[in-house]
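When the chains are written out, they are named A, B, C and D in that same order, and each has its own residue count from 1.
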């Protein structure tokens, strides 16, 4: 047994960072998902000009933990005419696909499970293609009208916009010339531009597609709480519902980090090549110090003694971490290096991804919901041809600047203008042709077979 | 050692769920087992270092074709269990034929192994830390030697697109 | 260092299972699924030989086979839907319009 | 197996184990179920369902899924092209890089225009 043990040890020694990351993702992502939900609730309360709950912990920060525990111990209810096996299988598939695709995402130069795979970002994109399966199987297994209609809608929407997102990503891969995550980020440094500036239309299309793919308002048709109860997951409760919930939030994180990595420069700071902005590299330390100072400032104004003590503790923690960062910067030893490349290096990504998710939330409270046929028409009539033309135009821009020596920004400007003009044209055509009766879409089972089916 | 453990892991999943797939009565259960077979096969592709094929298997087969299958099952109410073939003779003939073909091919493969000088061993990987990027290699083949089949594939897709819409559309308005 | 025979036997097993499914099942959809399984078995062979000869051609053709399978599934299921509309059955032995 | 994928494989097994183990463990430590058969009826706004939910639904959705499969194949063919594009440009083969994909996309554009004219994307008109 000794050689086997030896090889296992060698394996762990070679891959301990990746294995640690794997463990961390499984342990931390559920917590993060739960707290994203909390932030969203706070934001919703703010938008609707009402106070949010304040009971459990300061600002109800601990509210989510009893909520999650309640879900864990809730009765596990399987409806009588549901399909037992698939009812069990579908949420597990959803959750597994969502978290596995997170393995290929790099949250900083160090923090990545799949460090050296050649597939890189394509792995994250590909594994999240399993998402529609979890939803449609869950809806089918419930054996109930609303979940089935919700699942059909949801899957139709997901698969339509998966194609759109795929084309948008192709325009990013064209600019990168590689799939490897770290190489993509590195190329944005050496090219001296985030790809959002070189393929703005591509980023815009990806943004829309990612909102649709994560079922957020204004595209939350699968759930439509006022029409379909809760869509495909209406019959799910307790822990199974929690699995779907976690999968959804994990998907949000995945699409946000894929978009950030490919278009927004990953963990690069803004304008990584501009000399006088170099102080931005110290942003994590400065930010932590500022948060600590603010806590000290607020600590005196807390009504209760415990609260002010808590603020002091937070301030102290911030100052300690900031000091470690400041000290770690000049050194290169392993523990410091882990700290430096791991947390410090991931700082900008950890800032950009929440900003991306914040945009989702913001739109949620700003825009009214789309109708299903409008959503489908937007995808198939406008975004897919636009995304294809964008791919071609990005290719032409690259060819112009490398073959004929044009200025890169000039060629980007011209081709982007061409893409936008094409988009305007599609919009016009679509407006002329969209005189279809919307009532046909409202009933979700308007088929000739219905005449004898119900 | 590790390679063969991974191979037998995926191969076992593939074969067991393939058998389950053709024996389930419920079409959705069959589809689920086909999905696990396809995923296990994707794992085998990965074990053979065909990384791009691994991901296209997942994107196209599992995320595309299987979704289409489940859609059709849901749309046409095939989820009710159907009666099996009544005459059992056809089943026995099928098994017999399959076993005969399997035996023949198996014998061929088995003896090919014994031919001297042809160990039929998959060459060991170069112990480099970094493999040649498979996607780029495949792209060179796809856009080099096999450019014409690639263009023909687009014609095939065009035909499929038109054909499927013509088939699925109702005749009333045509 | 795996002998290629392992892959060939796996592919053979999947192929035969698929073939048995095509012959014995009555439900047209499961027959189509079995055909997908057969195509998949072929892909394993192609990829295994591609690795064995160190040539990428096998992988390219496996990709074409997947594309062809997608086209086949789309058209095949379209035919099933068209058939359902006319005959209300998915059983293979009731599709006997051409039987004389 | 390329070595870099082994942590990923372990990770996916871990991720798979997380819900499965939790579901099984919770089954034993959770308080028991109470209530009659009403609880296990499908939830449809409190109205008892009259028809089975496994009735046939519209084939519109099938057309969307079918188009998705075809377009998805296109995307998968685009990825290798996109990855090699810059190395072709570096070798000054811009024409070689662009033209095959133009032909490929052109042929599919014909199909797209046909579908557009036929109204395959107009969900409501597909009745």
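Going forward, a contact is a pair of C-beta atoms (placed from the backbone, for glycine too) under 8 Å apart; a residue touches a chain by one contact, two chains touch by 3 or more.
This one's a predicted model, so the numbers in the text were calculated from it and none came from an experiment.
Contact tally for A-D versus B-D: the pair with more C-beta pairs in contact is A-D. Once CA atoms are averaged chain by chain and compared with the all-protein CA average, the nearest chain turns out to be D. Separating the centre of subunit A from that of subunit C, both taken as means of CA atoms, is a distance of 35 Å.
The centroid of the Cα atoms in subunit B and the matching centroid in subunit D are 17 Å apart.
With centres taken as mean Cα positions, subunit C sits 7 Å from subunit B. Residue positions of subunit C with contacts to 2 or more other chains are 63, 66-67, 70-71, 73-74, 77-78, 81, 85. Residues of subunit A in contact with at least two other chains: 116-118, 122-123, 148, 152, 155, 159, 162, 178-179, 448-449. In subunit D, the positions touching at least two other chains are 2-3, 5-6, 54-59, 61-62, 65-70, 72-73, 75-77, 79, 83-84, 87, 105, 127.
Taken as a graph of touching chains, this assembly has some other topology, since it is neither a line, a ring, a star nor fully connected. All chain pairs that touch, listed by label, are A-B, A-D, B-C, B-D, C-D.
Remark: subunit C residues 63, 66-67, 70-71, 73-74, 77-78, 81 touch subunit D in the complex. Within the complex, the subunit D residues that touch subunit C are 59, 62, 66, 69-70, 72-73, 76-77.
Only residues 2-8, 10-12, 14-16, 18-20, 22-23, 26-27, 29-31, 33, 37, 39-45, 49, 51-61, 64-65, 67-68, 71-72, 75, 78-79, 82-87, 89-90, 92, 94, 97-98, 101-102, 105, 109, 112, 116, 121-125, 127 of subunit D touch subunit A when the two sit together in their complex.
Listed in rising order, the residues of subunit C touching subunit B in the complex are 1-10, 12-14, 16-21, 23-27, 29-30, 32-34, 36-37, 40, 43-44, 47-48, 50-52, 54, 56-57, 59-64, 66-75, 77-82, 84-85, 90-91, 93. Only residues 1-2, 26, 28-29, 32, 35, 51-52, 54-56, 58-59, 62-64, 66-67, 70-71, 74, 79, 129-131, 133-135, 170, 172 of subunit B touch subunit A when the two sit together in their complex.
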